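Shared between the two complexes below is chain A, which pairs with chain B and chain C, respectively.
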Partner chain A sequence: MSAWEGILYGFGVALQPAVLVYCLLGVTLGTFIGVLPGIGAMAAISLLLPITFYITPEAALIMLAGVYYGAQYGGAVASILLRLPGTPQSAVTTLDGYPMAQQGRAGVALFTSMISSFIGSILGIVVLVVLAGWLSRAATAFGAADYAAMMILGLVAASTIGAERPMKGFAMVVFGMILGCIGTDVNSGAQRFTFGQTELMDGINLVALAMGLFGVAEVIGNIRNAERQAAPEPVSLRQMMPTRDDLRRIPFPALRGTALGSFFGALPGTGSTLSSFLAYAMERRVSRSPERFGKGAVEGVAGPEAANNAAAITAFVPTLTLGIPGDPIMALMLGALVIHGVQPGPLMLEARPEMFWGLVVSFGIGNLLLLILNLPLIGIWVSMLRIPFRYLYPAILIFVCLGVYSVRGASFDIAAVALIGMAGYLLALARFSPALLLLGFVLGPLIETNLRRAMLISRGDPMVFLERPIACGFTIATAALILVSIWQAWRRHVSKAEEGK
Partner chain B sequence: MNRDWADICGGAVLALLGLGVAINAGLRLDFGTLRAMGPGFFPTVLGAMLALLGAGVAVPAWRRGAKPVTIRWGDAAAVIAAILIFGLGMSRLGVVLACFLAVLIASLPAPHPGWRWRLVLACAVTVLTYIVFILGLRMSLPVWPRLP
Partner chain C sequence: MTITRRAILALSAAAFAAPAFAQDWPTEPVHVYVGFPAGSSPDLLARIVTEPLAEKLGQPIVVENKPGAGGVIGIQQMLANAEGGHAIGTSINGPLTTSPRLVPDLGYDVAAYIAPIALVATSPLVLAVAADSEAADLQGFVDLAKAEPGALSYGSVGQGSGAHLTAELFDAEAGVEMLHIPFTSYAEVTTSIIGHEIDAGFMAPSAAMPQVEAGKMRMLGVTSAEPFAQVPDVPVIAGNAGVPGDFKAELWNAFIAPAGTDPAVIERLNTEINAILSDETVQQKLLDMGWQAAGGSADDLAARIGADTAMWGAVIDRIEAAK
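On to the complex of A and B.
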């Protein structure tokens, strides 16, 4: 199916009234979640998972995806108005968005973030279509060793690129992979770390893990923090009108941000948070007047917002074409698809075209809806920021419990959520990334399966990772990343020692 | 002493955990060979890696200062207690009573004085839960307390 046929076909799927309603529901809820500091897209998607059991797989995927990219739009609102990032991806938007709001230009900052988000998303869709078509053809040449090498690269990239202490990231990834081992071993049927609990024989429930690490842990951490907010000033549509000078400053940062975001979004392991930080750094570097950054530069909002939206779209490339989730949110989406009996992978474009093309077209529709929702109705979203967190979080906890329970009707899972939530809270306090833990948890079993298969095929010869050209490329990239991060740590150590003298 | 206790404790716990996993898997599960890996291969290797990484995090942190981290045990205890009461009490107490109690307990650490808003909130969330999950999604759960 060519891209044009695919898109026409996708319109047929995405324009069905029921699917449209779920798309609207997803993006509205996503914006809501994004606007409110304290809960992220991760928690929202895990809360919605049980509902998706009642609808068709394509509607489910479209709704969950809508929550994800809708949250990218909404996240900027609290960042700009209150200097509280609604989502981690929009943290960098506070740097210039909040100063703009203090100068009375909150409306322009919001307009910039919305329009850049839209540009990033739409161009991200084009990149998605091109890359997915190319990659799903290339992926037929992928063997078990290539898959394993690629996933290992993803995990190493996720824990080293842009990390302050890569060692902590690695530790979380490995910890997640160990948790992924729990349950019945697929090859031999042996029980691993189940300690006689029948509930553990299927492994730790992904939904329980995600909700504990993100829903419960975030609630505990935010009970006091999210409460300390001043009510924002109301913003009207007229205040959103940018000046001609502002308009001139938006397109190029948005395009550069899109390019960065598309690339890092499609790379497994790195994602929208990283790309928004990199986009900000790039804008400051290429600017002729870098001193304006941090004091309300329009470019500092446009670049990162375009980047995180583009990344949110292209993150679907490895998920749908290779069946490898690039970040924890994609892991949840993959989990949702598998529950519906849809196995993403190189064959999905051919075997289930309605899933892929329906999703692609729904991205376009959803982003249009978001633009309509956000520009004229911005006042409503701003007033949502006045809802105190203390009214919301008890309800979130109840929804978390019932959501987890509904997956397989086990009270054991609710108790597990409580335990995981406590652990997640402590981990987040000590700055051990729970996102990397979840990534390791999801990719661990996939890596193990492919590694065992690869070693069986190569008769126990580990050189297969250097002999196969694809695997060799990934292995070299992994080694390079590790060496670079060791070198950086050593340089930090040396410069500190010199300071000490 | 102002050390980086977060990294020291976190790293040490992870290292011990890794060691435990490696020993447990090494003793109980079949390691296999490189060609035909047994169920114990992956966990043993991962456990050993985690032990090394945990030590790698904890040891350098000993000579480094950092801002102390405050753990809000009270907030955490209230949230965890609310979840456990709801999750484990649901089958006996029924959704309505369990939900009411859980919301009340969860709202305790919120830094806003007064009892009235807590009671109103508990009622509101209970009604909402009933409408969404029992009437809307038709989950089969005991609604009212079961008499012994």
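On to the complex of A and C.
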């Protein structure tokens, strides 16, 4: 079946009225759980799982997938309005989205995020259809050494974003990596820093960390302002509309973000969190005025949002073409298929074309629905800021607790989020970047596991990082990046010295 | 061993459970604790059984997913919620057999705090290699492994996981030495085998099968004593390529209750679960997921826990001695 035939066939599947309803249900639910802090796609899909036993497998997959990518749209909303990432992926959106909201440009930030999300998703679908075969080969060609080299590049590239001073940013990344050490060591099975708590054996809960650092810390920081309202006057339609200058700043960052997101999304286990951080780092690096970043740069919203949405689409590549789920949520969706007797695997495309093509077409329909759904909602979201803090913040705390608990049903995590929140408040007082802590926490364990695995497989020979072509490419890129940064710093130093004369 | 405070609480709570009369039981919804997330294999298996079980008991069943620490947290939570006598659990073999050796601060002693109800299903593992592997069959694989000790590597789903311990048992029985590369999921192991990063892996049949059908992997042997219905063409490892005839390694899944639960309640649950497992559609659903329906008495399960604890304990001894 050629791609065109496949797409036509897919329309036949995805446009069945019942399937369309489930698609709409999925993306709507996805948007809302994305908006709610802490409650992520994982929890929503777990709850929906029993329902899927009673509908057709393609409708089930299309609905669950809708929740998955719909959450990426919603995730940005609370990041922008309240500095409270709805999902860990959108943490980086707080860096410029929240300053925009504080400048009264919340509507523009939301518009930018929606449009970029849409661009990222639609191009992600094109990538999925055109490059699925190539991407799935890339996914199996990546070994532990390649992953380690790639993540190190990511870490070096993104380790100073959103920080006032490079050293402060670096300190947060390292602190995040140290927190990432907590739990069972994959290689030896040893317990690290678990202090006899079985709840810590699988590490600190990522959602608890993100919600504590951003959400709870923000609430604590605003306690003194409880009587105040964030945006007393209603927002006019004109304020919601981006200026021509804003519009000009969206397309290229969105395209670059899409490229990054499409690639990282397709690699099992790396996911959209990393891609949004990298997209942000890239925008700041290519920008002619990097000093605007962190103060409400439109590019800082457009790039990451396009990236995490593109990643959410191409994350289906290994799942659909190899039957290998890239993250726990994908594994959950495959579980829903297994219940229906559909065996996910390399042969699914031939054996059950309705699943693949139906899903691909539903991505397009779903994203269109999301755009139609979300653009009018911008006004409503912005008006949320008019709710007095004394009502809004307790509600936020309740949702944070619900969301954190929903991840694995552990009351331990609620205590953890409270503690992390207090620590996050102290960090915010000292002007340390929580986003970088999160980056270190996500990347640290991945780098450690892959680095040690690579060394184990190569029987301790570090040359593996130069012998494997992919790893070698990333290693050279990392070295080049470090050298360029040093050179730039030196040149700045020299020019300053000359000015001094 | 030291008895933790949590364990004492659990035990005393279980004692409260006894007065509930078996003929009235259950008087309220039954909570089934599962130590794995919704949609995982143990969770789906639990739901296949609890759906008809709820009908037979005349009370709704709430599946409580308490994932973490390889299933241990599910058991801890069952014990912590034992008061009232309506908390039972399902568990894979690990938390009942090997976790006491591998997890510090486990918080429960299997023999003292767990009342077995019934074995639900068993699953062997298959030895999988890439389709273009040099090893044509199990004998070829063993020959390769013997030619250069430590040259072949295998992936598992973690230190002390069934996949790891099975491979170590195979090493000992076949007289070979392979390099262990721990991963965290079969998805990673699969990618790594197909990408020729590692040579082999003991895998769940349902994880390997799609790749085998697509011509990317081959299965050299199965760890059960008899050929397994989901992969009937794969030869058993036992008695093959110099491996002793009593070689057998199976994962299993069972229903359990807190110790102190009324024996009549255990008996009732055992009878109902055995009835459910004798249903052919249930058996087929389990088989589609890679599980062979088992059943049997509560004492059978207790014996199985004891035998596997001893068998895997010896394997763990060997791993620790090699360190």
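In the analysis below, the second predicted complex is superposed on the first by the 271 of 501 C-alpha atoms of A that agree within 3 Å, B and C clash if a C-alpha of one lies under 4 Å from a C-alpha of the other, contacts with A are read in each partner's own complex, and residues count from 1 in each chain.
Everything that follows uses one rule, which is that a residue touches a chain if its C-beta (ideal position, glycine included) is under 8 Å from a C-beta of that chain, and two chains touch if they have at least 3 such contacts.
As the structure is a prediction and not an experimental result, all values here were calculated from the model.
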item	value
First (chain B), second (chain C), both or neither touched by A:Leu347	second
Chain B versus chain C as contact partner of A:Ser188, first or second or both or neither	both
First, second, both or neither for A:Gly196, with chain B first and chain C second	second
Touched partner set for A:Arg408, first chain B, second chain C, both or neither	second
Contacts of A:Ser289 with chain B and chain C, given as first, second, both or neither	neither
Chain B versus chain C as contact partner of A:Pro328, first or second or both or neither	second
Chain B versus chain C as contact partner of A:Ser2, first or second or both or neither	neither
Contacts of A:Leu456 with chain B and chain C, given as first, second, both or neither	both
Which of chain B and chain C A:Gly421 touches, first, second, both or neither	first
Common ground on chain A, meaning residues reached by chain C in one complex and by chain B in the other	50, 185, 187-188, 456, 459
In the complex with chain A, residue positions of chain B that touch it	6-7, 9-11, 14, 17-18, 21, 24-25, 29-30, 33-43, 46-47, 49-50, 53-54, 56-57, 69, 71-72, 75-76, 79-80, 82-84, 86-88, 90-91, 99, 102-103, 106-107, 109-112, 121-122, 125, 128-129, 133, 137, 139
Touching residues (chain side chain C, partner chain A) in the complex	37-41, 43-44, 47, 64-70, 72-73, 76, 102-107, 153, 158-160, 179, 181-185, 187-188, 190-192, 194-195, 197-198, 206, 209-211, 213-214, 216, 288-289
Complex contact set, residues of chain A against chain B	50-51, 54, 165, 167-168, 170-171, 174-175, 177-178, 181, 185, 187-188, 190, 192-193, 216, 219-220, 223-224, 227, 388, 390-391, 393-395, 397-402, 405-406, 411, 414-415, 417-418, 421-422, 425-427, 429-432, 444, 448, 451-452, 455-456, 459-460, 462
Complex contacts: residues of chain A adjacent to chain C	45-47, 49-50, 139-144, 184-189, 191, 196-199, 201-202, 268-269, 318, 322-326, 328, 331-333, 335-336, 338-339, 341, 343-348, 408-410, 453, 456-457, 459
